[in-house]
Structure formats: structure tokens, C-alpha cells
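Heads up, the next two complexes both have subunit A, just with different partners, subunit B and then subunit C.
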Partner chain A sequence: MIKRLISIVLIIGICIPLSGCWNYRGLNKVSIVTGVAIDRNTENNNYQLTIETIDVSGAGKEGTGKSQLVEGEGKTIFEAVRNAKKRLSKKLYVSDVKVIIISNQIARQEGIKPSLDWFVRDAETRETAIPVISQEKTAKEILAASGVDGKIISEELEKIINSDREITASTKKIASYQTFDILLGGEKTALVLPAVHCTSNKDKKVVEVNGTAVFKEDKLQGYLSPEETHYYLFAVDEIAGGITTFPLNKENQDSLALEISKNKTKKSYSYDGNRLKVFLDISTTAMLGEVNFDIDILKKNNIEEIKLAANLAFLQRIEAVIQKGRMEFNCDIFGVGTMIHKSDPVLWSKLKENWDYYIQTMEVEVRPEVVIVNTGLTK
Partner chain B sequence: MQREMISTRQFIYMIVLFLFGSSAVQGVSWGLGQDAWIALLLALALGSILALMYARIIKLFPEMNLYDVAEVIFGKIIGKIIIGLMTWYAIHLSAIVIRLLSEFVKIVTMPETPQLPMMILLFVAAGYITFSGIATLGKWALFALPLYLLILLYILILSTAEIKFSNILPIMEHSVITIGSASIKILTTTFGGTVLFLTLADSIKKNDNPYKIYLYGFFISAVTLVVIFLQSIMVLGVPMVEKSYFPSYTAARLINIGDFLSRIEMIIFYNFLLAGIAKITICLLVAVKGIGKLFNSTKQGLILFILCPFILLISTLEFSSVMELLNFTDVFQYYILPFQVIIPIMLWVGAEIKIGAKSR
Partner chain C sequence: MLNKSSEENKTTNVLSSSLEENIDEVKNIFVDDATIGMRWITNCHNTTLKYCIVQNDGLVSAAIINENIIKPLMLSKVSLNKGQQIDILIHQVISTNQIKKTNQWQEIIEAVTYGDTILFVDGEAEALLLNSKGFNTRAIAEPSGERILSGPREGFCEALMINLSMVKRRIRNNELKIKFQSFGVRTHTQICICYIDSVVNKKVLAELYRRLETIDIDGVLDSNYITEFIRDSKLSPFPTTGYTERPDVVVGKLLEGRIALFVDGSPVVLTLPYLFIENFQSNEDYYLSYYYTSFERFLRFWGFILSITVPAFYIVIVAFNQEVLPTTLLTNIVRERTGVPLPAVIEAIVMLILFDILKETGIRLPTGIGQALSIVGALVVGQSAVSAKLVAAPMLIVVAITAITGLLVPKLNAPVIYIRMMLIAMSATLGLLGFIAGISIIMTHILNLHSFGIPQMVSLDNLKYQEVKDTFVRGPWWKMIDRPSALTKNKTRLSGDDRGDND
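Right after this comes the complex of A and B.
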């Protein structure tokens, strides 16, 4: 009898902690955050965050959800996020942040590492968020603009950037954990992040992806235009699509359009004790998508001419981008350091101290090889 | 108490789950970056030597556990001291494991939920298995390990999209000395803990092969730990693995298939729980047996009832933060030397002498 009594008491006792935990949050009590824009307030030097949240109450799918902007200010990012609660009835739920938009002033002056720390350290935020640099005056303007397709800018941006590699190949696909890998790693590869700006589309201000931003360590050095980024992607072997236009010969304008279907870039290097020489072997499979003048494609000479013109265009433009990265930005833009580190760590520890010198003086040889597999429906 | 026998397979599974206990949560990269898997394999090699010694002790005294062996070889007084030391080791180990597990839950999933109720619940589960006896634990292990491995396989397959093989290069970047000292750390924190299984050895049937049990157990768990580690490194990259407290969890967070299959990292959390409970249960079993031997009592329930709050006390008081807990491993590798090495060596040498004298 006593045993039964004790058992019953114990069972009830165990049920109490089993019934739920302190951290239960109902969906209607949270505001789901999709994007964060980080600015610095010049007057009091605080971080000014603009947070885009989805209003779930009005939606069945996110496509019809409305987005809302909330601002928060604080001395650190975490404080600013919490301070936004002072004007919000619901707590912010940051587990779905898709983009982190950083103003170019922060990126230039103090670097982005301090701003990104919270996004990696906090258990709720996701490491798959995409850090993006705003080319406008503030990062807030990006979120305040409207999107062409939908109303939620962060989601739009995320979808544009993620599908970019196969379609337009004009920006870089990167997540915040990869950003951290590059920033914390000792290999001194230049960090490259997507850059965003506002343009007008049918008299509305919309957000557009505009090439990439190049960093040295974690400070912004400059931008690569979408076209330059296209060739940069060739150099780092991250291209899987996109259109390349080039002229047939020097006098013509760009009049041939190649659609890239596959690309493989092999990097190799040779070091003879003094000079570093880097070779890029680029083999591209492409389809001729548009020809703006009269030419008989099936004639063998013409195909050869087009191939040579394509090779030449690639060669010149990729070399130009690499040159810009090395000379203008003075950074290892396409990962030579990483390559040396991974294949010959002893050599890397030797070169690493004067890496800037080697960047400036290394010779780069680009060897493109384009194969045109078809020319569409017409000859 | 009635002695219960366990099959070889159950014992192997128990050893594997025990070895997963805290290593799968913490990760094994002690500052080695991408070479940690080499240290793991080295630890396996060194651990196998230890295992041979442990298994030899079991072979020399079949169907007797460590406590009985100690008393037979060294007599009542020293035997009791050895029993006391091993029991203390089991108690301390279970305190550390339960602290680690509840810290993980607190940091990752439920920051505001108080830790003590969580730990109490874990003890209720582990204590119940202990109370039911080692046969129950064996049968549970037969079910729990395949489940664990299945979940692991699931995560592996899903993360193939994010894998970059070049992340494990360059191989052998670190000096042999660094790798060697890290492998000693791994050896002591994981493989060496299996010395506790000597106290459960009276459940191994006389005709079973203890060498097979130990070596299979070590091998399976080492291979799995290497796979877990390689997955974390190849998905996350070296700097992120070094910086995260729980790298395999962080790696699982990145899984995002077709935009709808994401946020499945909770499944890793479940895995941790499984392995953690296994380890705690085994430590509890060892401790309860030891105290029973020390005070000549067979009242398992009562011992458990007093032991669990005691372990809770230790785990809450010993470390004030996660950082202290993780830094403790630096001390731990020296602290366990008597338990994992010295006492077994004494027992082994004593056993060989004793058996040698008997056969003459």
C-alpha cells in the first residue's frame, strides 16, 4: 500500500518537469526575422540595425506575407537586436536570417569581423546567412526598397544570390560560416562578398545584385563590376553558367554570346626559389547562344575563328581581373595561398610572411580552352 | 544480487556506445585542425595496447570482476583501496558526462531552462536502467547502437551537398609531436575509460573472448569517430571547427536540401543524449557495484538513491562554466593515469604472478 502511494507521488513528480520547458515559444508570439541591415550611426557611434521581419499573421505562404522593418540601436549588434524589442510586442526569432547587409562604411573603416561575430556565436542564428555589402550610402536603403517579384527583400536577395551561379554568374555565393573560415584562416585568401545596390525598375526603386566586394583581411578594398566578377568566378572555379559576350575580332563590338554550360579551372604553380608562377588551366564547355552578324557557323574555319576569339577574350579579361585584384586591391583574390598551403605546407610557411610581395610579383599565366558544343536551333 | 550474463555482441555494443559518450559531442580536434583524424587513429593504436592488457586480466580470471580480482591478488585491505579508487573514478566520470550533456542542451537549445531538473531527469532514466541490471543495459545497447549509427548515416548522406574534400588538406601539416600529444589526450579521455568495463567483467561468459570484445569495440568506435570528424571538417572547414564548441552539431545545421529539409540538427542532439545516457548508466553500474562491494551490501536501490544526488552535487559544484569543463581535459589526462594505467598494470602483473604460481 505504501509502495503504491510512493509510486503515485513519484509519477506525478516526474510528470511536472516533463510537461514542457521554459523555452517554449508560440509562433504567434515571435516575429520571424529574415534579414538584418547593419549601419553605424555617425552621431553617437552606435550600431543601427534595420531588421526585416515577416508578419506571419496575414499569410498562408511566405509569398503573400508582408514584411515589416524594425530599427534597433545599440553599442553592439546583440544589444541593438535586443533594443529593437523596446518597440516590438513580439520577441524577435532570428533563426531564419537569410541575408546580413552591411554598409560599405563599416566594411571600409572598421572591417566586418566585429559585426559578424554575433551571427556565428549565437545559438539561434544560422550559419547559412549570406553577408552582403550595400553599395548605397546606408544598408537600410536596401531593405527599404521594394523587390520586383515579392515583397520580402531578404528572401528575394537570398534567392537571387543562390541561383546566380548557374544563371548570370555575376556575383558570389557565400555563407557566413565560409566567410568566417576565410577570415579566421591563415591562408590570406581575399574575402569576396556579393555587393548589392538599388536601381530603378519601372519608376520603383528595386534591389539589384551588382558584382562583388573585395576585402583584404576584413576591410573592404573595392568592388568588381558584374562583368569583372564573371571572369573572377572563372579564376576561382565557381562558375556553372552565365553568358559571356565577346567580339569576333578587335574591330567589332561584342557580338557573340556564349552560354557556359560547364567549366573546370585547374590551378597549379611553380616556385623556383625566387619567383612564383601560377598557371590557370580553364576548360569551358559552352553553347553559342547568339550571333549578331552573318556567318556560316558550320564552316570549320569560322568555328575555329570563334573559338580563338573566345579564348582571346577570356585570356585578356581574366588576366585583367586578376591584375586588378593584385595591384589595385593588393590581395590574393583567387586563392593562390590556399593552394600552396594545401599542397606544400612547408613552402607556404616560408612564403607566408612576405605574402604581399609575392602577390605583387607573381606571374600569372591563363590558359583558356573553350569548346563550343552547339549553336542552338539555327546554323 | 543475481549475476546476469551478457553476450559478446551486447558487450561490444556497450563499449562502442560508451566510447561515443562525450567524444561525439565535444569533437576531437585539440588544436590540430585537419590532422585530428590521424591523432584519433594513433590513439586507437595506443589504446589497443591498453585493451590487450585489460582483456588479459579478464582472461586470467574468467567470470570475475575487477573488484574480486583485486581482493584475490592483493588481499582485503589493498583490494578495498583499489575498489574505492575505481568507484571514485566512475563517480567522477559520470559527473563530468552529465555536466557536459546538460551544458550542451543549455547552450544550444534551451538557454532559459534550468539545468538541475534536466540533470535529474537524465539520472532518472540512467538510474532506472542501472537498477534493472546489466542484462537490461545489454539489451538496450543492442537497440541503441544501430539507431545511433542509422541517424549518423542519415546526417552523412544529407550533408554530401556541402562537403569539400579539399578541407582535409594539407595532411600531416602538424609535427609528429603535436599529433602525438593530442593523441594521448584522446586516448585518456575516450579509450582509457573502458577500464571501467573490467568491473563488469563478471558478466562475460567463460568461453567468450575478451580480446575480441575490446578490440572490436575500439575499432568500431574509432572508425565512426573518424567519420564524424571528417564530416565536420569537410563541411565546415578548419577555422570553424576549431572555433565551435560542438562541431558536428554546427555542421549539421548547414544541411538544407531543396529548401524544405533543413533544421534537422536536433537529430544530432538525440544522438548525444543516447550516447550520454549509455555512458552515465555504465558509470553508475560500476559505482553501485563498487560501493556494494566496499560496504558488503546488496541493496542496489538504496545505493543508487544516495549515489545520484551525490553525483549531481559534484557535477554542479565542480565547474562554474563550460570553459572550465573543457579546460579540465588538460588536467584530466594526467589525473586518470592511476585509474587507467597504474592500477591495471598492478593488477595484470599481480595476476600473471598469481596464476603463474598456481600452475606450478
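Right after this comes the complex of A and C.
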């Protein structure tokens, strides 16, 4: 009998670690939050939250429902969320937050860490939300814009950012937990978040992903345009697609377009006591996508010429981005610190003290190697 | 009747030697039973020889009685002496295939009511029981509950001997043992225990006899009467004995070392011991390509698992752990759930009971009304309930999946209903915790099930191909070397030479 009792207790006991949290929540009593925009109210210095939820009431067979905005203010993000609930009959369900839009004022002046803290710390929020930086005056404007594909801006934004890597390669996706990894990492790698702005499309204000925002610690330093971001992605080996457009030579300024199919960037460094030198070996496999002038691409010489032009374009543009990161933002956007830390921790602890100086003075050598595997047309 | 008359006159337990007295006693025993017919016969060569036959109209074949009993008795020229003629009658006069001497009234009563003819001989204190059974039985047809695509289509009928004949025809071997017993204080139903001597597990056989002795019942109309007396875990909804209406299935089980138990008057034959895997096996598995039937096995397993878990898991997701849903699905479910008055739990229980009602009425109804029923079920209950926002559409899908998958494993229909409801109740109160707890309880119970001392589940400690060849997949016949190890000590099915030498 005792044995049986113990078995029953053990069976119930093992269920607790097996099954996770326990919390009853009727699905008809929740409002699904898809995105949050964080602004600072300048009058009373409160956080001003704009929360986008899915309005399912009107929906039926025509799609997934409409976007619905609710605002809330508070001293902390959590308080602001709770205050927003005062205007709602349903409980806010925050496990499906896709994007956290932070206004550039907050990012520039106070840093993004306090704003993101709740999203990573709270049990209900999910750490896979993507923090993005609004280039508009307020973050709220992003959520107030309309989408082209879908009605819910946050979802649309998330999909744009997710699919960006392989098609356009003009921004960098990073989840909120990875953001915190970088911020707390101590390797002084710069945080790079997607930047968004509003633009006009067929007389409607729509959202567009516009490159990336670069941080030093958690403070916004500036932006990389979509094109700059593209070459930045080459440097950090995050490229998986996208198109590079460049002219053939000085005389012939008509453009060529290469579609990138594969890329591998190898980073290495040398240190001779006072000078740090970083090498980037970029080997790219690309397909010729478009040629805007007459050239016989079956001739070996011409292909060689295109290759050289591509190498030159990569070299110049990647170096330009690196220069911008080092000189303008004064930060290590390529993760050189992480690389040194991994391969030589002793050296890293030495360089760490004076890292800003090394960023400024280090020499970067970019060595691109483009291989064109497909020219498309024959004759 | 017997009891009453025997209480009045204790001496009537055995026959007397006076023909008149015996016939009076027959009339006394069968008073108010108009189907008992008597016929007096006198031999035409020796008029001192008087006989009387007693038979039950409707159970006997008139031709047998006329040709093989009355005619020889009337016309016999064998010299007979009153008082010493029984054995001569048996050996030289009466030409029926089965003859038995008796002086017990009890035996006479059982024989008459089973279609035998009783011959009372003047001056003899013994009567002869002559086989003259001639009742009609249902034709041998494919059992409607166990239809298959290909393979033998014979099914058992209600007559014990015909059923046994179908089995014997398939095992032409003297090792097939057939033993009779009778049960039911009033019905005296014949029960037949059938096994293959060299394969059967003797311990199980002894246990079966022991349990059969404990049966105390007035009538046995179907094999389930016996099942409920002799099964293990009497309160468990899971079956611990198998049943079938097909002779090919019975023979297959006998060859694996099981025992078959036939009950006269029922086409359903019990097979035991019963392993849990048998719930998922079908005789057709062995008649079709093993590629095809292995997939069917897989479907049945999943059918069982889905049928018990789907509604409960839906409730867990909808009410407790919405985090597991992708946003699009979540939005869709939220949209459907909005405006529905009842919580998901009540919805699930109501819809499942409603389905069981539809199913039950569908089984009992005459075939013509079945169509009307499906229209009511599909249109009224399904469509209208959703469009009237009484039920959320996902719940309807859940109930449909539950119902359809439940039909994949008909042998587990009883436990499935209760497990499903138990899981729903536990999930609704404790969420995923309750769900997992429920599954653990069921697993513990199933692992604990025995059938005649043999565990229903195979333990995993000695996992070999021969142990699993006929479980999750159906192995090819040339690889079925061993019999199920739990059932029999005589392990090898195939002789050495034909072992799968293809590999």
C-alpha cells in the first residue's frame, strides 16, 4: 500500500517538470499583441507605449484580422503595458510579440537596454522578438503606417526582416536575447539592429526596412544605409543572397548586376606588438544577373574583366563601410574583438583596455575573390 | 420441472424397467410442453417387443427418425428377448451414427432438448439416446463486424459443431485437442476448449480450467458471459481476452499457442491469452503485402493515440499553453473562439457525447434510416452549430478527428471512451500537467495488464527482431521464425531449413 502511494506521488511529481507552466487562460479572453512601439513622453518623462494587437472581431473568411492600436503610459514598460489594459476588456497576450520598435531618441540618448529589459526578463514574453529602431520622429508612426501585403504592421515587418537575408540582404535580423548577449558580452562588438522608416507607396504611408542602426554599448551611433548594410553583411559573413550592382570600368559606367549565391568570409588577424592588422578573405560565388551593355560574355577575357570589376567594387565598398564603422561610429562592428578573444584570450585582455584606440588604428585588408559560375544567356 | 418432480419422488432420478412408468415420468417431466412428441412402436415379427420414442419437434430430422429408428425397429427380424435386448438394438438394429445408453433422467432431458431422440424399451431400465439433430442454422457467411478485402471469408455461425468443423478442416492434425464442458444451471450451454497440444502453454490451460470452475451462472448466451467471469483485471476497460467470428483467425491464434473457447449458440469465439498488440492486429495483415499492412499497423497505433489525446491536447493548447501555437493558427483559433459561449472543455464533452449518440443510433437503426441520420449529424449538428456560433469550428475538426481515428481500433472502443473523457477532465483542470499525469496513469495501467498470468505488454529489456516482428510492423512470413515468446515455450515456428535464408 505504501509502495503504491509512493508511486502515485512520484508519478504526479514527475509530471511537473515534464509539463511546464500551469495557467488557465481562455482564448476568447485574450488579445494577441504582435508588436510594441516604445517612445518617451517628453512632458512627464514616462514611457509611452503603442501596442499593436490583432482585432479578430471583424475577421472571418477574409484574412487574419485587422491591426488595432492601444496606447499606455508608465514609469516602466511593464507599468505601461498594465495601464494599456485599463482600456481593454481582454488580457494582453504578449507571447507572440514579433517586433519591438524603439524610437531613435531613446536609442540615442538613454540606450536600449532599459527598454528591452522587460521583454527578456518577463516569463510571458518571448525572447525571439526582434528589436528594431524607428527612424521616424516617434516609434508609434511605424505602427500607424499601413502594410502592403498584410494589415498587421508588426507581422509584416517581421516577415520582411526574416526574408531579407536570402533575397535582398539589406538588414540584419537579431532576436532580443541575442541583443542582450551582445550587450552583456563584454567583447565590445557593436550591436547592429534593423532600422525602419516610413515611405510612400501609391500615396499610402507604408513601412520599409532601411538598413541598420549601429550601437556602441547600447547607445545609437548612426545608421548604415541598405547598401552599406549589404557590404557590412559581407564583412561579418552573414550574407546569403542579394544583388550587387557595379560598373565594368571607368569608361563604361553602365551597370552589371551579380546575384550572390554563396559567400564565405574568413577573418584573421596579426599583431606585432603595437599594430593590429585584420584580414578579410571574402570568397563569393555569384551568378551574372543582368548586363546593361553589349559584351560577349563567352569570351574569357570579358569574364575576367567582369570579375576584376566585381573584386574592385567589393574591395572599395567593404572598405568604405569598415571605415565608416571605425571612424564615424568608433566601434567594432565586425566582431574583431570576439575573434581575438576566442583565439587568444591573453592578448584580448591586453587589448581590451585600449580597445577604442586599436579600432581607430588597426589596419584592415580586404581580399575579395569573386567566382562567376553562371552567365545566364549564351548568345 | 425436474426439481419439482424429483422433490416429490426421489426414486425418479433413474429409470424404471416398466415402459409405461417411464413414459408417465416423461409426461410428468415435460408437462405443459407441447413440442414433446411420443410414438409407440411394436415390432411386426414379435409383437411383444414394445418401444416408445420421445423426441422434440423442430429440433429433429424426421427423415433420420423414420428411416433409421422407426423402420428398423418395426421390421427387425433379429431375435430379441424382452429385458436383454439393449445391446443387440445398438449393434444390429438401429442405424443412427451416435447412440448412448443411459438410465439418468437428467441426461435424457438434456438430450431431448438438444434434438436427440430417446428410445425407451419395454422391460429395460435403460434408454437409448439417438442422434437425430436436424435443426436449421444460419448459413455460413462473412461476419459483418470483421470484413476484409482479401482472404478467407467464412465466418462462424451459432452451431457449435459447424464452427468446430471449420477449425478442424484447417488443422488436419491429431494435436488439435477439443474438450467440452457445459455451463449455465438452466441453459446447459456447451462450451468447447480447443488448443494445439504441443504448442499450448500448459500453465495457461490449467489456469483457464481453474477459472472456469468458478463460474456460477444460470444461462450462457454469448461468449462474453464467460469472458467477464474468467478475465484478468475485471474492472479494467481494456480487453484481456480476444474475440473473433472468423475461423482463420482462431486457427492463427491456436498456432501461436493460444487457446480458443467456443460457446454453443454464439458465433463469437474467445481466444486467450490476449496480448495488448492484438488490439492493433487484424487477420488481413497476414493476407496482404507486408509493406501495405505494416503501414496499416502504424495507422492503427496513431489512430489509437490520436483518438485518446486529440481533444484533451486541444484543450491544453487552447486554455493553458497557447505559446505552442504559431501566430497565424493562434489568431484563427482566437477568431473562432470569440463569441462562442461555452468554454472549450464543455464544448468538447458535449460534442463527443453527441458523436457517440450518433454512432450508437447508427448501429441500431435499420439501414434505410442511416442516411437521414448522417444528414442530421453532418448538417444540423455540424454546420448549423458552427454558423450559429454555438460551437467553434476547430472543435468540430477535433471531434471529427477523434471520432474517425477511434474507428480504426474497434477492439479498444470501450477504453477509448473513458480514457478520452478522463484526459479531457484532467487537462481541463490541470492543463498540460493533468494531461501528462493522465497519460502516465494510463501507461501504468496498460503495463500492469495481464492475461492469464501473462503480461500484455512485452518488456523492452530483451528487444530483438523476433520480439517485434509482428508488432509495429508486420514482418514477412519467412522472417516469422519464432512464436510470440510470451505465449508458448515451444518457440520455433519454422523448421531450420526454411528460415529466412534470403539474407
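Assume the second predicted complex is superposed on the first by the 342 of 379 C-alpha atoms of A that agree within 3 Å, B and C clash if a C-alpha of one lies under 4 Å from a C-alpha of the other, contacts with A are read in each partner's own complex, and residues count from 1 in each chain.
Here is the rule we go by: contacts are C-beta pairs under 8 Å (C-beta built on N, C-alpha and C of every residue); 3 or more make two chains touch, one makes a residue touch a chain.
Not measured: the values here are computed from a predicted model.
Of the two partner chains placed around the shared chain by superposition, subunit B is the only one that A:D181 touches, whereas subunit C remains out of contact.
In the overlay built on the shared chain, the residue A:R126 is in contact with subunit B and with subunit C.
By the touch criterion stated above, A:I14 is placed in contact with subunit B and with subunit C alike. When the two complexes are overlaid on their common chain A, residue A:T34 makes contact with subunit C while staying clear of subunit B. When the two complexes are overlaid on their common chain A, residue A:G26 makes contact with subunit C while staying clear of subunit B. Contact with subunit B, but none with subunit C, is seen for A:K342 once the two complexes are overlaid on the shared chain. Comparing subunit B with subunit C, more residues of subunit A are touched by C.
By the touch criterion stated above, A:E156 is placed in contact with neither subunit B nor subunit C.
In the superposition on chain A, A:D164 makes contact with neither subunit B nor subunit C. Looking at subunit A, you'll find residues 14, 18, 21-23, 95, 126 touch subunit B in one structure and subunit C in the other. Considering their complex, residues 107-114, 117-118, 120-121, 124, 166, 169-170, 173, 236-240, 242-243, 250, 253-254, 256, 263 of subunit B touch subunit A. Listed in rising order, the residues of subunit C touching subunit A in the complex are 318-323, 327-328, 330-335, 337-340, 343-344, 430-437, 440-441, 444. The part of subunit A that touches subunit B in the complex is made up of residues 14, 17-18, 21-23, 95, 120, 123, 126-128, 175, 177-178, 180-181, 183-185, 341-345. Against subunit C, in their complex, subunit A makes its touches with residues 7, 11-12, 14-16, 18-28, 30, 32, 34, 54, 56-57, 59-60, 64-65, 93, 95-96, 98, 126, 155.
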